[in-house]
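Would you mind keeping the following structure in view while I ask a few things?
Chain lettering (A, B and C) follows the sequence in which the chains are written, and residue indices restart at 1 in each chain.
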């Protein structure tokens, strides 16, 4: 009897480690392949994979050329990287700022039509982005036309500001919905206590609620950053020069119709995935706590 | 120290706090939304410097509902994509979470890396899998199959191909054909699932953390095996989280565009791709708008369904 | 008094010249498809020289073929144009012209210009009697064959007819020389329509008649599709072709996995480059074979499909004159002589001794380009092509019989064209 139990336990441990190794391979294998593809010289790219997992002449040229400001590709990549960082960062800050305020109102304050507003906010994300591309484009170009008429240098098309505005609009509803969930999990008593001590609602928000929902803020922030970093369709239509191109647009533009530049795509793709990954790794503790608290209260 | 600081009434404060958000959303999205909705009742085409319109009333909507050969096949394939992806994501996500919930050497490390696929931008993910699935000898998947001796050395499978999978199995094969599934689509489902599973894993893992060990101990004493423990304890307590996952993921999956467009351009017509093709390639702005609102309606209905289920679970 | 007036005159001239110098800092925006032909850095070189000579600043943007169409449309629809000059695929001529996106160029082109370009090339950009783009790149398909494999199979040279080619392929397959002798870009994209058009030409006809009505579901069009299906059925073409785009087909050929293919001019250079090609030396370029029954119908017994690009001006551009200067420069015979890897559009360049020395195969190319068939020139071309691609692909994937597929395609196309 005793032995049977021990054997069972050992078997289940073995299965467990087997599964763990599976998870590790599952997660890391494609990544490793991505990185390796980036160190293949272009000539060796099409060699038989069964025998050539590692290039005979590995080169870091693909990676270094992405940062070589003298080459056209390097220039475009560095600018795209910079633009993406600025855009995603701004979107995250703005969404967290405005979204948290609105979420607080929806979670704590009493006023009519509360539920309808919540529903409409998430509904925005239900329309496929592609549907709004042409209307957006026409409207924005019309604005630019107006600006030119009144002799202003200001324009919207092909700017980072344009993308920031568009992204904030699409992601804001999402942020509000999640942050509202977090706020709902925080007991009213804590706030009541603070207010009895003389704090106004806003002070209570800043001093009590925000610190408590820090995990939620971090989680939502990372999520927002990722959504903005990732976005493809709107960026494709509204960017033109290095003024505003983003990383997804850059990667799509690699190669030509007749050359599949997988080595370049892999190298730039790998680099492009680093900021979100670094963010995620740094904040992963908060991430777990954050996501769950918000979600269980919908 | 009483609450005698003058502060805005509940209503006023609420509107002050919400106004920036509402202003932004109204100003930016409502205009185009209304414009798109307006266009959907017209036959609209681009001409130099603007759009030429001709009123057709419900014509566009009727066209898609009754006449268009592609609309319903597009809906079918999108539903297939959504449904299968969801199942895979749930199974893998819950499975991984269960494993990560146990203690083992290196658990911290594994928990850190589990997030990596999710952090990869969609465009990069699509290109990477395109490269892995390449249907020649330089494709990594083909190479792997050969190394594992599953494929003979000179056989290269075209992974992103159009054969109907499992077509020889009686009922399943017919279902696959009806739905429009292809090997390519299944491989793309796998690629997308790989990227998204970490999200599910994390949510489930966090929820698992809140279940006290004592529940399982008690069940163990009562003689319940692992399987029973899962269905009896774990699953019911996970339901709120699972429903959230369902809502989030269904919305995103139904609207899928990026990965399918990058890999297959227009040859797999999920509704997102079909809308893009109609509006941007064929330049039928009226029809494109109508299609989008149709899709939006679908998603809204599904979301309402989920929300009804979700809020009834509030008791947890 | 006279002195004063004279002084005033001088000052005004001075001011006007400064004024016009300020305005002479014109700028044009160009969007170019980075596909075959000139690579971005070559276009940049041309633009730099043009800027230096004319003082007009040139802003270049490069996009993939797939994105070019959408971006040009978006630019045309807006009240202010995003671009002035764009590279136009000839299949968009009817569409853009009928919507008024392009500027008419007949007045800009001098008679000398019009005389020096072959009608077949110029014609691609004519719609409704007017010219809408300046011929820029003469891209077309050619025949590529692996001479070593042909010899190994026991034949002397490349096939002159499609039937002969099938015989050669069957011998190769039987002798185990190559598993799938035929490769091509048959994935469900524009390339498929191109392949279908040259094959229909090879069987002696066209996909649409001169009135712009679809006739592809009978006669040559039907035979062409049946031929494609037969290649798959006999195992002479692999299933992989159904997912190939043009680079993938090129890869198949230069890796030595196929003996025959039809592809655009870009394959020639890559095929002979030993650093990427395994068939450098064995791979040759020639005229596409026609069906036996079509011999004698065409002057050179070959059929091809046009993939020309033109340079066009957006009708809402504010800098049309500057745009035309740029176009005239980059399409000029002098520039085209410098880049003879691309087929020049000018007769004078094609026939020059210089070109013949620099490009030994130019005579083959000249014959092929004179035998091109065009894709249907109808305004709703994107939709028409999409329908054709869908049904042809279904027939190739054995989901439908060729005749049924083409009949259904014709029905849908007629509905789209309002017939």
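Keep in mind that, in the parts below, contacts are C-beta pairs under 8 Å (C-beta built on N, C-alpha and C of every residue); 3 or more make two chains touch, one makes a residue touch a chain.
All figures in this text were calculated on a predicted structure; none of them were measured in a lab.
Trainee: Between the chains shown, work out who touches whom and classify the graph as line, ring, star, complete or other.
Mentor: complete
Trainee: State the pair with the higher C-beta contact count; candidates are A-C and A-B.
Mentor: A-B
Trainee: Averaged over CA atoms, how far is the centre of subunit A from the centre of subunit C? Could you give it in whole Å?
Mentor: 39
Trainee: Where the centres are mean C-alpha positions, what is the separation of subunit A from subunit B, in Å?
Mentor: 16
Trainee: Quick one: which residues in subunit A touch 2 or more of the other chains?
Mentor: 46, 134, 138, 252
Trainee: Taking each residue of subunit C in turn, which ones touch at least two of the other chains?
Mentor: 70, 77-79, 248, 251, 255, in rising order.
Trainee: Touching two or more other chains, which residues of subunit B qualify?
Mentor: 50-51, 136-137, 280
Trainee: Subunit B touches which residues of subunit C in the complex?
Mentor: By the definition above, subunit C touches subunit B via 66, 69-70, 73, 76-79, 99-101, 179, 187-189, 238-240, 242-243, 248, 251-252, 255, 257, 315-316, 380, 382-383, 386, 393, 397, 412.
Trainee: Under the touch definition given earlier, write down the residues of subunit B that touch subunit C in their complex.
Mentor: 45-51, 69, 135-137, 154, 156, 158, 160-163, 184, 265-267, 277, 280-283
Trainee: Along subunit A, where are the residues that touch subunit C in the complex?
Mentor: Result: residues 42-43, 46, 72, 134, 137-138, 141-142, 144-145, 148, 157-158, 236-237, 240-241, 252-253, 256-260 of subunit A touch subunit C.
Trainee: Using the touch rule from the top, collect the residues of subunit A that touch subunit B in their complex.
Mentor: It comes out as residues 16-17, 19-20, 23-24, 26-28, 30-31, 33-34, 37, 45-50, 53, 98-99, 101-102, 104-106, 109-111, 117, 119, 121-136, 138-139, 165-166, 168-170, 172-173, 176, 195-198, 200-202, 226, 229-230, 232-233, 247-248, 251-252, 262, 265-266, 269-270, 272-273, 276-277, 279-281, 284, 287-289, 291-292, 295-298.
Trainee: For the complex, which residues does subunit B have touching subunit A?
Mentor: Within the complex, subunit B contacts subunit A at residues 1-3, 5, 7, 10-11, 13-15, 17-18, 20-22, 24-25, 28-29, 31-33, 35-36, 39, 50-51, 95-96, 99-100, 102, 104, 106, 110-124, 127-129, 131-132, 136-140, 142-144, 146-147, 153, 194, 198, 202-203, 205-207, 209-210, 240-241, 243-244, 251, 255, 257-258, 262, 271-272, 275-276, 279-280, 285, 288-289, 291-293, 295-296, 299-300, 303, 307, 310-311, 314, 316.
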